[in-house]
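Below, chain A partners chain B and then partners chain C, in two separate complexes.
Entry: the complex of A and B
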């Protein structure tokens, strides 16, 4: 697309309707989450359950040799809680996308002049809104129990953006799966894989305390570095490296998974 | 729009769609030619799996043809798919409506997707809800709607941008008779307003009631096309249906074959075309009686689309009343 094409009134109109369509589709995605509390609540409760379990059962784990200095296990656990919640949450959005394909709502959209991209982006934007909500929710719930975010308000803002980008990254990957398989069961069936990815990272324990294959896997797992970004914001405060890791790793992952999702969408539309 | 007014709203030329390949090749649509004139209700009639839906999916840009071409609202369905989509309304039988949203929300979403100016979303949604009689249910989730209400909402959704061509894929399948008639009336009203309608159906009566012209499709090929009255006249004579004792079936069949052309009918019955019409009934009864064959049931029927269908395909549609 050249600049001259973009300058025509028709192109301007098209761009305007693209924005409106994406906004309307993301509104629908958020509405669907709001109206299915039974599906949404686990993605808010389970991560908190893990955090609570850790904070009581592993309270003294922070005294282990090699455990980085941290005020309480709860401060340490927040990062894992946020990323875990977002993994859960993105599954809901991708499942809804697969359900749309299964039951024909997707066809209804394709038969309309809706931008194909806005169908995908709307769904992902809904997930991003939810990712921000989850991040804020976990922090808000854990603060009364003694959570302290060293990086303060600015740090929390960085975490919110990181949460949004993480939701986009995971959501796009899961959406690619939804588009390829067109099966909500296949999407939900992939959850254990996500959980393994989380388990073989520094979500629940610091890499410093790991050994052998487990440590090597966690070292290779980008999830580790993303989680440590969130964690350093909580434990160490507003450092450049913590901000960079929180934002750049999530953004980098999002770029890669978006490319995968867009390719899946193009393929699906071509294969009609 | 004036350029798009002149050409026929729907033209298909040798439209082909195959699925799979090699031994698994399915010729779902195998060379369909179709012309629908402006302001017409065109009935696309055939049993399940005949190729109706596949044809409609190609005409509505959801499927790419394997061969041939089609123009809808004056635009090519492959090369100008976006223009086609802007000018058609589509209500597909197997495209679900989001059960979590309310009727009003779905209409407003549809208004955004079809690019209606912002100020028109609410009034247009309200007008359409009123039109299909869903105003009272406007703010209820679609998940709570009955089958008939969903179809009516589906129709309203397809009308949001006042399309000139409307595709209705089996709009009344699974509806109770009352809802069916209400929907027919709405389709007629739309058509009176100038909308061209292509509707697929497996109900002969529906095609007969609504359609100005019909095409009968069987195994991916159109086997008859024309006005219902013309098609019925082509079959010509009325059919006499006879039920006799099972062991006398063969004897009766021989007898009837001498009186006219045998026609397909339900199991345990016989059908014969009577060239001379009702006047031939007494002699048929007399011949059967003379042969000692007891007639349990006797019915004379003027040619119907059912007969046209049977004559064209060699079998009758399920649920046809003979």
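Entry: the complex of A and C
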């Protein structure tokens, strides 16, 4: 009897621990993606579509002056494909968070003895798992069409980690928007802006062929350097520079956007 | 139970119809259109991307693919002449899809149920949003064109090229509205918005969106040369690439007529499904 009385609060405490709560929220986020394939399929198909589109529309562009030496446009396009997919996948997670806010589920979580941080981290962890899956998926699908990753298995592993960190970075930024607006419509409406952010980088064409103000924007966009890290692993092989750019830039972005997301969450909690 | 007792009539049951169908359609359609346009001011975050996206897209594509005009056979030496009409049509189609967004919001909040309860013809529930989409499209075309011209785009056959671009924009807005509404009525959930946007993106990019047919290779050439939206794009673009000719005009008009009708039918059947 005494033992059971002691054990119950301990068990409850363990269940309610931060890690357990985050894991439960992550599981919910991943299951939501798994159970609604219609929602996630676009973030898998769309980037592949653009890779295929570019490989066909711009096949002759690799002969242009200034274009870096590549075997095919498909090799060049892989990096943009991965980052693009992660951007769109993160949008799905943030939309789900905004929907939670709209339909009151978020408030019910806040009313429960749940760690506030785990609500956010759970969503982001779901996105990180999905980011790793997307990276592996894109490589696996494009290899039969002639893609060659010069960095080999180790390089692919680095890309997977980079994919996870990029998903965290983008997911945190979009979650901040979801928390601030509380509107899934507004979050969805930001899709074109994410797309534009990609275009103001070297995701689809090399910076070397750009000119003027536009080239300067692409030079200033951290997305360019993140993508070029992935690209160097694909085109040049396993180099320290490529690994560092893939991991450090995505990690740095994740730190900044997490700070923004946490600030948004704190502001929302204070406003309650 | 008589249909003359509206307080007990459910949304799925037939409602009393006013005698003049045209009058009863226009007034509520106008009301819905005005309400939708007011939403631009009340929820700008939902409309601004549809306006900003084509602006930034015109700049981004022209800048990103600036060098592609150096490929032999490219029909213009100004990349913005090639990509600005694409951005306009993309923005117009998103103006239409935006109607789907707001409809989903109304469905989720229950407001759309009240609209459906109103004794108005069903076509008014489609015409109102369509009018709003046209107004939004005209706004997008005007602003993006003005910016494009300021950034170096040049009309090659005078103002007639602008007219064909407006017509193509309205056509894309019609297609986007029908598609957006049809999906909204079927999914009834904002997450369907991703499908609305992505499918239109895909359809527009499976054309000569990025490069002309002459320099394409492989599968895209086969698809783009058969995609009816290529004709719509050609209609919108021809005033920036050369002369405006009937040979380049009628395929675009035909594609708009067919796709617009199909899209609005998709919306109508979706509304009927919602009523059931």
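Simple rule for what comes next: the second predicted complex is superposed on the first by the 256 of 272 C-alpha atoms of A that agree within 3 Å, B and C clash if a C-alpha of one lies under 4 Å from a C-alpha of the other, contacts with A are read in each partner's own complex, and residues count from 1 in each chain.
In this section, contacts are C-beta pairs under 8 Å (C-beta built on N, C-alpha and C of every residue); 3 or more make two chains touch, one makes a residue touch a chain.
A quick note: this is a predicted structure, and the numbers were derived from the prediction, not measured.
Consider chain A as the common anchor and indicate whether chain B and chain C clash or fit when overlaid.
Chain B/chain C on chain A - fit side by side.
Is A:181 contacted by the first partner chain B, the second partner chain C, both or neither?
Once the two structures are laid over each other on A, A:181 reaches chain C alone.
Please work out whether A:24 is in contact with chain B alone, chain C alone, both, or neither, and reply first, second, both or neither.
First partner only.
Could you tell me if A:35 is touching chain B, chain C, both of them or neither one (first, second, both, neither)?
After superposing on A, A:35 lies in contact with chain B but is clear of chain C.
With both complexes overlaid on chain A, does A:105 touch chain B (first), chain C (second), both or neither?
first
So, A:114: does it touch chain B (first), chain C (second), both, or neither?
first
Which partner does A:255 contact after superposing on A: first (chain B), second (chain C), both, neither?
neither
Once the structures are superposed on A, label A:154 by its partner contacts, choosing first (chain B), second (chain C), both or neither.
neither
See if chain A has more residues touched by chain B or by chain C, and give me that chain.
The partner making contact with more of chain A's residues is C.
Taking the superposition as given, tell me the minimum C-alpha spacing from chain B to chain C, whole angstrom.
12 Å.
Which chain A residues come up in both lists, the one for chain B and the one for chain C?
In the superposed arrangement, which is not itself an observed complex, chain A uses residues 36 for both chain B and chain C.
Can you list the residues on chain C that touch chain A in the complex?
43, 45-50, 52-53, 56-57, 59-68, 70-71, 94, 98, 101-102, 104-105, 108, 190-191, 193-195, 197-198, 201-202, 205-206, 210-211, 215-221
Show me the residue ranges of chain A that touch chain C in the complex, using the header's touch definition.
Those residues of chain A that touch chain C are 36, 38-39, 42, 45-46, 49-50, 52-61, 64-67, 88, 91-92, 95-96, 99, 102, 181, 183-186, 188-193, 195-196, 199-200, 204-205, 209-215, 217-218.
Applying the document's contact rule, which stretches of chain A touch chain B when the two form their complex?
Touching chain B: residues 13, 17, 20-21, 23-25, 28, 31-32, 35-36, 100, 103-105, 107-114, 272 of chain A.
Taking the touch rule as given, give the residues of chain B at its contact with chain A in the complex, in rising order.
Residues 60-64, 82, 85-86, 88, 90, 92, 94-98, 100-101, 105, 109-110, 112-115, 118, 141, 157.
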